[in-house]
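See structure below.
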């Protein structure tokens, strides 16, 4: 008998999940009506397409230098019919470098975000799921991580791991772990108090089943929104780290943040070199931000009408 | 009820205040912008503002080892001997003449009537006191980061406190008369006189040292100069005397009216630290400063075109791509030659180095005796490089190429650019290049010197103009950096160093240069000219290959 | 002449990218001084919007108000904003539904009462706070001096509603609009609050518009009752008439769904089928038709007009097929 | 309240202790040694060994940590490799610079962000609102140093209105710095030209540093005001016939300021991160630039000292924010 009741409570919980699925469907419907979301999606789509098909789009090699094009120090050929965005200080085609740069930047964004998200989910799940001293310990740890300004933290980790794009991605990821952890934990605590969870609990459904099967999946939507936003900040943070001298080992491999940082010295002589990657970063970050913000609004029950 | 309105009202007030402050700032903008120039006009003839790239570390020359510190101490202190202005020849300074029979006992005749800034006399006793001070360094003063140049050139101290210190080259000093002093060494050293020209061997007032103290503590990880002489009361015999040093702000010197030589033309020298290269140039352009060193190669022509003075400084340096022969396939001479032919040195120097820089073909600049015009040269020839690779029979063509970040050296203003150009060259002939990079100091230097690198970007700035300071320091003994043992090269360099006859010495170095070129322990690629940027009205400035530029001869038109 | 005269009031909400919504239409009613009038209907019927329109509190953009609202001869729909502000709180006051959210949480109760007094009655701080204390006392808040210094979260729901009523009555308004004043309160408190309102209205001769979905509230207080459905008044009558013999099927349905003391034991409550969302536009027919038991063909072929009941002249009705009086009696019996 | 503060201060101790251990271990985990950092190009293995012994770097880690902790408790963080001066002295020089910059930036952010957010909310849906929303989005997504260089390019290089870098004109000679806050110094010493010079040098860095907090504050204010405008108590206030001014100030802003003040409090971390980039981009000799340089130069003492102090400040500021939150919101106060 009590088993039956328990099953029905679970079904009720599953309804809540369905509502979750419905939530996403409904959110999507609201999303396609928002101009901000559409613009964001277009930016992101262009970014991803360029990144994926870089070898097909780029007219030249992004790495082969041609010093014969450079007449002397400070000479940087501007845009021409053969080189649409001009050449850089080592005679490479800037357009091709920008195209290939999208690739690296996308990788940086996605990998750092994934790293932070997975780390944050593990910590948040442990804290929000187990509670008690585990929760207290993890949250103290998270507090400690948050007590160091983010960029400083990232520099510290990147410096320790050495000069490579991987260490940059890990650094940005680690800095984002506490953000995700807090978010998930808070959401799980709220969901644990939700009616369906309380009902299931009162009927003696196993805690792990409630938490892993229902509370956790129902708590993920803000985490996913945050993930979209983190894609944007990760690209910006990577640029910041590059500016401070922490980026991939090989400066020949184009990455927007690195290009932006490395071309600062040409600001007065060839501002276009600074401008291209700067604009590219702003637009791609804007794309992810618009998408994330719209998603957040679309998922917000307050805006459901 | 009024009480409760507090925060909002305060906020409004703040907003208003902020707007006012901003308005004031903007209004002040025009005013002060004009004021700058006007202010610059009055009394600027007697002020010379120089932008350093970094704060000096200390004002006691015997504790100093970096260029920006020396740039300041050189104006305050003088040594027994110096180098001729704009050249490398040793010339008299506080000593008018010197003599030695065995390179072991050195007798100096001192200039008379020289006074320190504190009014005490400079004489033979001062010289001996100075040497005894250095020789008797204890504790943290014996730290290689403190008495760097003494240890590099003279070895150890009277009582060595570390087993890593060797015996001292200095033995004793004797004041024969007021103006006669004899310094005795433990071993013969032909280069002793060149050593004395180093700014670290400047004569300081021992009265001041005793009065203010020259203590050093190793605290945390770095030396802390606690003695006031070393930071707040430096006293020398130079054309300028110290006035004040507001750290993080400015350091001021003033003409020493009791100077024994020609008095300084400009009354006040102000040193400012501006860490950012472009910012130094912009400061010169806006008239904030009168001069700075290390003009960016790309700026040389534009600054000249804008009417600023850009003075060339002769190159006493070499930039090179080093090989570590412990790493395969660099042990193969054909591969090393192939790399030498693969690198487009001319292209890089033309595109990225300032006009006047030379493509290097050996490991020391032409201005130094021992340079050999007849060494083997490896011209840029990718076909030949491919050919040599084929001949070598090496199939695994992967190379680990190292370059440093966070550094700009005269021979390497933009290491990343050099690296990318060379990497592209190497890939063009079939090498597979992987990249390694670290911040210059400490990581990069440490790892390269431990022999971890494969091929790497490095270079050298002369301490003094001597072949030994170049190829001697590179190749005289086994160096993990290069990872080879070539007895012939080691031997000839040792022989050259010990050779007392200058002419024979030069011949030996010429021979050594040829052997080194044939052995290809790396590819030297540039002797870089460096440039000093000066305001339009600065006159009399004379660049010096060892950066020994005296501000006392500078004036403003 | 009546104090408040609402004539042909229509309110249309428009939002970019959506169809206009006609929330209120053809609403006409009047309130005389000292009279208590009820506006009754389910949520969404337009009664609250009507009250906001009277108060001039509808958003300026996106809400078009048509028809006329006359207060003591003054046309409110075209009154300039600052004049309206002078009227609000002084001559026309309002008590809102949810006392939990209708008070500013970060400033003390006292200030929230005195600010009306100082605004409209030119009192200085001392006089205002004295008056505020007596106001709180009048609405039955014990220890008013202390309460004045407290913040809303320190008061119970009933206390807060009393405080809100005190604020509304602070300037002795001539018209008070109470929008579901008891809905958010416990049942025991509800009666107290209603009693309080009734007392105050009687004492001061204030006209009262009572907006509610609760017929019980209406039965205890109102002189006349207007029943609204989907933005229009569907039936209007005196309290006695309406409760005795509702003619509109909607009114009857509302009455039947409320438990009554005179109800026979065992008799089932009959909820109105469907929900207020099951509606058709008035332009096509009677909006209530989809839920109506008395629906006939003509109900969906054109909108009925609000006309005087043929049987009872004081009773207005908007229905093609009203409930028979005889049938009514049969039901009641 | 007092108990709350004391409890929070006590909680600070384990966080800082944990941080000191983590910092100590982190610094040791960095590649490269301080001995090499001191010697530079002229290092030899013998000299490095000699220095490492002198510094006690050959001792076991716990001994080194204990020495570090013992001194740190006496506020002695050792000597900076970069400048050869005691770290505490460097703090005295660099914190005023950064605080001056940060406070100015925060003022700009607050004084512009709040009105912009407020008016955007009041004109919800109009082009003004759209503009402020888009501008704040761009403000958040633009890399700080990119903005810095663009501002330098336009206002210093091209227009020449504002100084390019630094805190002070190099030719300003008769300037005293008793406090290290250049604006304050100029006021205290009554030096007019120095005051305008200090303010001018602050403009571009402060605007750069303010951009992200400004965008965030504007967004939060807008959202908060929109929320509050929909609140019942604002309708109540309207129904009372209060003047628009009273409603705005007493009922709308006071409530909207709750989330905004929390946000402002949370800007410290962002400001510090921003300061690292801003100070580097403007050659502004403050904490951020010094710490950023300290990492590649392995300036251990500086890293440990500065980061510890920054973290302590951060936690303290959070505490202050919590306290001030209680002052604005009576609901929190009672608890």
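A, B, C and D are the chain letters, set down in written order, and residue numbers restart from 1 in every chain.
Here is the rule we use: a residue touches a chain if its C-beta (ideal position, glycine included) is under 8 Å from a C-beta of that chain, and two chains touch if they have at least 3 such contacts.
Owing to the predicted nature of the structure, the values given are computational and were not obtained by experimental measurement.
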item	value
Most distant chain from subunit A, judged by the mean position of its C-alpha atoms	C
Pair of chains ranked first by number of touching C-beta pairs	B-D
Innermost chain, taking as reference the mean of every protein Cα atom displayed	D
Whole-Å separation of chain centres (CA-atom averages), subunit B against subunit C	89
Centre-of-Cα separation between subunit C and subunit A, whole angstrom	52
Rounded Å distance between subunit B and subunit D, as computed from the means of their C-alpha atoms	36
Geometric centre distance via CA averages, subunit D-subunit A, whole Å	24
Junction residues of subunit D, two or more chains touched	31, 157, 250, 254, 296, 328
Of all residues in subunit C, the ones touching two or more other chains	107-108, 111
Residues of subunit A whose C-beta touches two or more other chains	162, 245, 267-268
In the complex, subunit A residues that touch subunit D	140, 143-144, 146-152, 155-156, 159-160, 162, 232, 236, 239-240, 243-245, 257, 260-261, 264, 267-268, 271, 274, 278, 281-282, 285-286, 289-290, 293
Of subunit B, residues touching subunit D in the complex	5, 7-8, 11, 14-15, 18-19, 21, 24-25, 28-29, 31-33, 35-36, 39-40, 44, 47, 49, 51, 55, 57-58, 65-66, 140, 143-145, 148, 151-152, 162, 164-165, 217-225, 246-250, 252, 270, 272, 274-276, 279, 282-283, 286-289, 405-406, 438-443, 445-447, 449, 460
Complex contacts: residues of subunit B adjacent to subunit A	277-278, 296-302, 344, 347-348, 350-355, 405-406, 414, 416-417, 419-421, 423-425, 427-428, 435-439
Subunit D-facing residues of subunit C, complex	16, 55, 57, 61, 84-90, 93-94, 96, 98, 101-108, 111, 115-116, 119-120, 151, 153-154, 164, 167-168
For the subunit D and subunit C complex, residues of the former touching the latter	125, 231-233, 235-244, 246, 250-251, 254-255, 258, 328-331, 334
